[in-house]
Every structure is written in C-alpha cells, then in structure tokens.
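There are two complexes below, and they share chain A, which is joined by chain B in the first and by chain C in the second.
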Partner chain A sequence: MTTSSGPWSDCMPASLAAREILCVVNVREKSHQTRPNQTNKMDPSEVEFLAEKETVKIIPNFSLDKIFLIGGDLGPFNPGLPVDVPVWLALNLKQRQKCRIVPPEWMEVEKLEDIREQERKEKTFTPVPSPYYMELTKLLLNHASDNIPKADEIRTLVKDIWDTRIAKLRLSTDSFISQQEAHAKLDNLTLMEINTIRAFFLDSLNCMYKLRSNLQPGSSQGQFMDY
Partner chain B sequence: MNMQSYFPVPPGVGMEENFLSLDDILLSHERLPVRSDCAFPRLGFLEKSADTQDIAEGTKMELPLWLTKGLYEKKRKVVSVELPKVYREGWRTVFNADPNVVDLHKMGPYYYSLGSQLLHFDSPENPDIAQTLLQTFIGRFRRTMDSSQNAYNEDTSAVVERLDSLEKGASCLM
Partner chain C sequence: MSDTLFDDGSEQDDIQEDVMTPAELIAKLEEAWLNEKFSPELLESRSEVVECVMEQLTHMEANLQRVKKGDAKASVHRMEIDRIRFVLSSYLRSRLQKIEKFFPHVLEREKSRGDSYPSLLSPEEFAFAKEYHANTESYLKAVALKRMPPNLQTVDMLKAVPEPCLDSFVFLRVKERQENILVEPETDDQREYVVDLEEGSQHLMRYRTIAPLVSSGAVQLI
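Up next is the complex of A and B:
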C-alpha cells in the first residue's frame, strides 16, 4: 500500500489511522447512554470526501505556475508532463476537459484479479491496494472511464472484492456477538467497510450491554421514579 | 451529517425507562395480569367484569405497567404481578430453541423493554427471564443485521414485520 509522501499526507487526521486496526472493546467498559444529539453514523458522502484527498497522476493540457494552497503546493502544470494532484482537483480539471487522468497502478485487470483470488482464499482480510479503493474506483470510473482501459471489467472485479470483504466482516461480527467476546482486532479494513456496520453494530452492543446488566440484580436496581 | 432540530429521546433499555421517550411512554401502557393482595374499597368501578362496590382481596385484574410500578412495594403487599404468557416457562423454551422463528411484533411490540421492566417485580424466575431476553437478542442479531444492510437483495418487509421495536430502532428499519 503506497502512502503519499507529498504535502497532503500531513493533513491526514489521526482518526483515519483507525481504519488499519479496528479494536472493538465491549461497551460494558464505557459509558454509553447515547444522548439524543449524538449520532454514531458517518455518511458515505463524508467518506467519499475524505477519499478525494488521495493523489492521482494527471497529464494537463494547459500551463500554470505553481499554486500555493493551504493544504500544500501544487506543482507547476506544463502540457504533456504528468503531475500529482489530489483527486478533487483531478476530477474538476477533467470535467472542464483540461487534463487526462492516468489510472493508479493498482487499477488493472490482472492486479485486481490477483487481489480478488487472494481475498477469496484467505479467511482474514488481505491488504488493500488503496485505503479508499471503493471510492476511487467509483469516482474515477464515473468521470474518467475513457482514460481507463477495460473500465467495466475493473468495476466488476472491485465489486467482487468488496462483496467478499463485506461477507467476511458480517461473519466476524456475527461470531463476535453470538459468543459475546470482549475484544476483536481486524486488520486491513477500510473506512467505507467500517462505516457500513458502524451504526447498527454500536446500537446492538448498547442494547446487549443493557440486557446483560439485567442479569446482575442489585447493581442496576434503580429506585422507582415518583411520577 | 444530521442537521435536524428535533432529536427524539431514545427508549431506555434495561431496567430504567427514559421519562421523555415516546417509546417508553407507549410501553408503559402495556397491561400486566395482576392479583390484588388487599381490598380496594369503593374502587369497584375500575373493575369492569364485576359490578361490586369494592375490589375484594385476591381479585385478578389487568393493570397497565405505569400503575403497577407505582403500586408495587415489596414490604406492603398491595399487588402481586403474574408474568404475562410470553415470559413464562413454555414460551421461554421456544425462544431458547430458535429465536429467529418467533414473530416478536405480535408478542407485544415491546418484548425486550417490557421484559426488562418485569424484572422490577421480584419474581423467582427473574434470572431466567433476563437470560432469555439476552439470548433471544443475540440469536436474532444475524437476521436483523443482514436485512438492515439489504444483504438479502430481496423484499425484506416480511422480516421487518416480525421485529421488536428495539430491533427496528437499531437497524433503522422503521
């Protein structure tokens, strides 16, 4: 997995590092009376927004001097010379027909087929080509499919990889709950996958905690409220 | 990103109820079979089945949960609560055998919450009831999770109909 070494890597918030290791501690140890205005959901569009910070190579057809943005500098643009830019800029330039997008090196039929076979063989999660593979595939294939060879096959392959990983995730959450384990560690999960189960899983763990506290009489024996 | 200005109070699961939660308010309307342990003079009009002036000792009635919780006291025997059908031995074995088969919506849409409230009333079967509640929830977890993520790729309304209101809230399948 390549990590970008440009100026953009400094803006990664610490919370995104959690995508690599998901440690789910039994909610018993935390206070979890969810207050009404605290939602435990993250919108998929927010995940996509975070994915747009990844860099991708483009070949512009205009020229521009180096521009200095808050997040970092974007190198001088010369027609015909490849330059690394964040995805949000790449998509914007592509829509204005000012550049050509070069697909990332993992976005190839053979590589994705290998990843898919490995994912199906292993029982745990294999390392992903990019921490935002799902979003990048969708964005790049929607806006720049003419620059990417064999776009449909790539779409199918990525969907297969996604389905396999989600099935493994569901299996592991099911065994976590049914055996009432206290701690789980899942490596190589991406933020989008975590997001699919986040809300339901946390709510269920809350409910399980409260139902389990019924088993201990006296610890939660409250007074009757005076209505 | 939730920009709503109205945040509904969630139901309190477990032995507490949230005072402001609509689900808990509706829950407290559920009726429990109750036996009165002392006479209630001049309250005969509450008991529709018999036309007596007083409610004699030992009358079996159905009272809502809010009234029962208010009247129940361990030391002074005012009322004694019997378990509703769904929480008794027979149904408990059904739940332990296969929780997925049961239609929890029909059993009273507030199966888990009412069961937790029943634990206030010091029945000798309390630990078994609590254990059954937990095991039922765990047993049904897989089905509920799959249907909330549209994993079945088919119409899930038949599954949703059979869910308790707690499960519906967690999976946002309301």
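Up next is the complex of A and C:
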C-alpha cells in the first residue's frame, strides 16, 4: 500500500495530464479492443488465470518431497506415480519435460460427443463437465497435446459445444433485452461464457437504462461511469 | 469459488484471523478481488486480508532467501508467490482506480459515516484520496479556473464527478441461500416481484438490489 500511494501523489498534475492523453489513446483503442484492468471488465487471460487453479493429475518423472505452498500442500512426487497438482504447475513441469499430464476424465471423445448432442437437443444450458472446460481444453491441448489421445477431435468437439452454447447465450440476451427483464437466472453458465458477453451486454443495458430514464447530463443519477 | 469458505459472516474478521488457514486466506483475497472488480462502487476495504497476505508473502520470500539457487522447490514457491502477488496488486489497483474515478463521493461517504461504521478506505487509501482531491482542485484552478470570470471560479466536485452507477447490472453467484429478493420492474407496465436465490445458483440483476449481500459475503460477483 505504502509504495502505491507515495510516488503517485507527488506528481499529480503531471499524471493528470498524462491521463488526458491516455483518454485520447483509449478512445482509439476502444474501437478494436477493451482495456484490461478496467473496472467491471475482466480480461480473458484473467479467467484463464482462475482456471489454472483447477487441479489435474500428472505423472512425474522425478522425485521430490512434499511442497508446502501457501495455498496448500503438494506431493510428494515419485517417478511414475500419479499426483494431483494445480494446472499452472502441471503446465510448467510439462514445459520443462518433467511430467506427463493425465487428461481430466471428461476430456474424451465419447463423453464430449454425448455432451454435444445433449447441448444441441436441449433449449437451456446443460451442465458442463468443468466450470473451466474451455480454458482447460485450450491450455492442455496447446501445451500437452502429445499426452491427450485424439487431441484434434477433442478440440473440435469442445469448440462445437462452445459454439452451441454461445449461440444460445446470444438468443437469451436478445430476449432479455427485448422483454426488458430485470432479473435472469444463469445456472450452468461458465465464467468464460459470461465474460464474452459481459462488456457489450452490460454497457448496452446501461445505455438503455439511461435513455429510458431520460436523465439530463449533470444530474446526479444514472450517469455513465466514464468521464 | 473455493470450498474453503466460511459459514459465518465476514464481519468478525478480527476473531477469524487466528483460525484462518493460509489457503482460506488466499480464497478470501480472491473473493475480494472479484467483488471489487465487478462492483460499480468502491467496497469496504479488506485491509486485514491484505495485511495477512502480505505477511505470508514476506515470510515465504524470507524463507526463499535462505534456499540455495537451482532448488526445484524454490521455483515452485516463487511461481505461487507471483500468482498471489498478481491477485493482490490487481485488487489494490482496481480500488485505486475507483478512488480516482469517484474521489469526491468516496470522501463524502467517509466524512458522513458514523463512528460505529468501519471505514471504507484503508489509511493509505484515505491519504491517497485526500491528496488526489486536493491536487485535482489545484490543478483545475491553475490551468483554467483562475482565468474564468470571478463568478465561475468555483467547481463543486461532488457535482462535477459522476457518481458510481448503482443501477448497473452485475453477474453473481449465491453462496448463502436468500429469500424474497425484490426485483424492481424495468418499465411502468411491469410489476415488481420477488425471487429466491438458491445456494450455488447464478444470476444477473441490478447491483442496487443485492449490494448489501455483496458486503455481507452472501453472494459473490462473477
């Protein structure tokens, strides 16, 4: 805390000026991408960061005692014996060729085909095998495709499931807006899916709220958060 | 977000500190991070969590100093520290961003709060907000206001800076079952109705309706 308030406050006019320039830059940036770290927004990489906390089984080729991490204990690691570790560690070990990753049990062609059929048949969102199924598929297939049988088929299947769900999501946001609902239940939606519509959807809702409530600029309510 | 959550409210953190495991502490920090990220207004400062996490990190880093280079365990510890540090700084940064955005209102709320209510800001954030306010005012004066006609030389910051829009919609996940949450109608020809929030379910609704539940820890913004 002390480090963040100290140097900032000393140079306020300069940082304000910098901010005006930043605003101009941001207007330009906004047209093709959203700024990460903006309040109310989340970058997809941050969702991926959360997904990396999920555990996955690995088969190490080295031996190491228990590691006492702040977030919990890991190991012990013995060559050939499967052990549960967070995905971030599994990927790091894999990149250093220190382990083989055991794909999660849902990451299998038959199971995914069932899920895909179910997802296409149902009108509502069906439960997904993992709250981070998309991120995990992407991470594991990009870094450990040699440990996952039929990697290409799995990639296509998960993409199909994702596309079906996103299409449903678009339809439901559309009806949410056209019927001017005030509440929606979103069970079975994953964080990544919510995140793909978040910025656009919430901004649109705010815009419409502003138009509807017919507020004058300068009044104290319902204003936009940006300057 | 994690299984290691508390059953009771988050208000008695002073008592809880002693019984919290480091893993639970990290889960608390991540909760606070996501809530702060997605709520339109500045939430109550969780400085006790921040302090404990800082303590953990310093402690771990001190331990790592003593380990010789090339130790396999040390690199794993470093990676974990980096991840926690990322969450911590992202949390503090999003608070500072909100303070910069809403400083007159943040300070106003701080002024009008009774002694029995906990402060919204940590002491450092309070100092930052005050200084930001003073510097913004003197900057405005220096570049523009003093060249204005005398009757236009004052600016009411409370009116000049937009308030947080509490009517924004937010996504949330329910951690403790809630009954009879009133949903206000969007248009005049709709009627208000109540919903029950089941544990584990996810919803989209206006922040204003559920703001108290966010601060009590009954729902998690996502």
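Some points to look at:
Keep this in mind: the second predicted complex is superposed on the first by the 176 of 227 C-alpha atoms of A that agree within 3 Å, B and C clash if a C-alpha of one lies under 4 Å from a C-alpha of the other, contacts with A are read in each partner's own complex, and residues count from 1 in each chain.
Keep this in mind: contacts are C-beta pairs under 8 Å (C-beta built on N, C-alpha and C of every residue); 3 or more make two chains touch, one makes a residue touch a chain.
The structure presented is a predicted model; accordingly, all values stated were derived computationally and were not measured.
Within the superposed three-chain model, A:43 lies in touch with chain B and out of touch with chain C [touch as defined at top]. By the document's definition of touching, both partners, chain B and chain C, reach A:206. A simple residue count on chain A separates chain B from chain C, and the partner touching more is C. Of the two partner chains placed by superposition, only chain C is touched by A:72; chain B is not. In the superposition on chain A, contact is made by A:89 with chain C only, not with chain B.
Looking at the shared chain after the overlay, A:196 reaches chain B, while chain C stays out of its contact range.
Once the two complexes are overlaid on the shared chain, A:64 sits against chain C while remaining clear of chain B. Judged by the touch definition given at the top, the superposed model places A:180 against both chain B and chain C.
Shared-chain residue A:102: touches no atom of chain B or chain C. On chain A, the surface patch touched by chain B in one complex and by chain C in the other comprises residues 37, 39, 46, 180, 201, 206, 212, 220-222, 224-225, 227. Across the interface of their complex, chain C is touched by residues 1-2, 4-5, 8-9, 12-13, 16, 37-40, 42, 46, 49-50, 62, 64-65, 67, 69-72, 74, 88-89, 92, 176, 180-187, 189, 191, 194, 198, 201-202, 205-206, 209, 212, 218, 220-225, 227 of chain A. Residues of chain B that touch chain A in their complex: 1-2, 7-10, 12-16, 19, 66, 69-70, 112, 116, 119-120, 126-127, 130-131, 133-134, 137-139, 141-142, 144-146, 148-149, 151, 166, 169-172. Note for the complex: chain A touches chain B at residues 34, 36-37, 39, 41, 43, 46, 170, 173-174, 177-178, 180, 196-197, 199-201, 203-204, 206-208, 210-215, 217, 220-222, 224-225, 227. Chain C contributes residues 22-23, 26, 30, 37-38, 40, 47, 50, 56-57, 60, 72-73, 76-77, 79-81, 83-84, 86, 90, 92-94, 96-98, 101, 122, 124-125, 127-128, 131-132, 135-136, 138-139, 142, 159, 162-165, 167-171, 183-187, 190, 195, 201-206, 222 to its touches with chain A in the complex.
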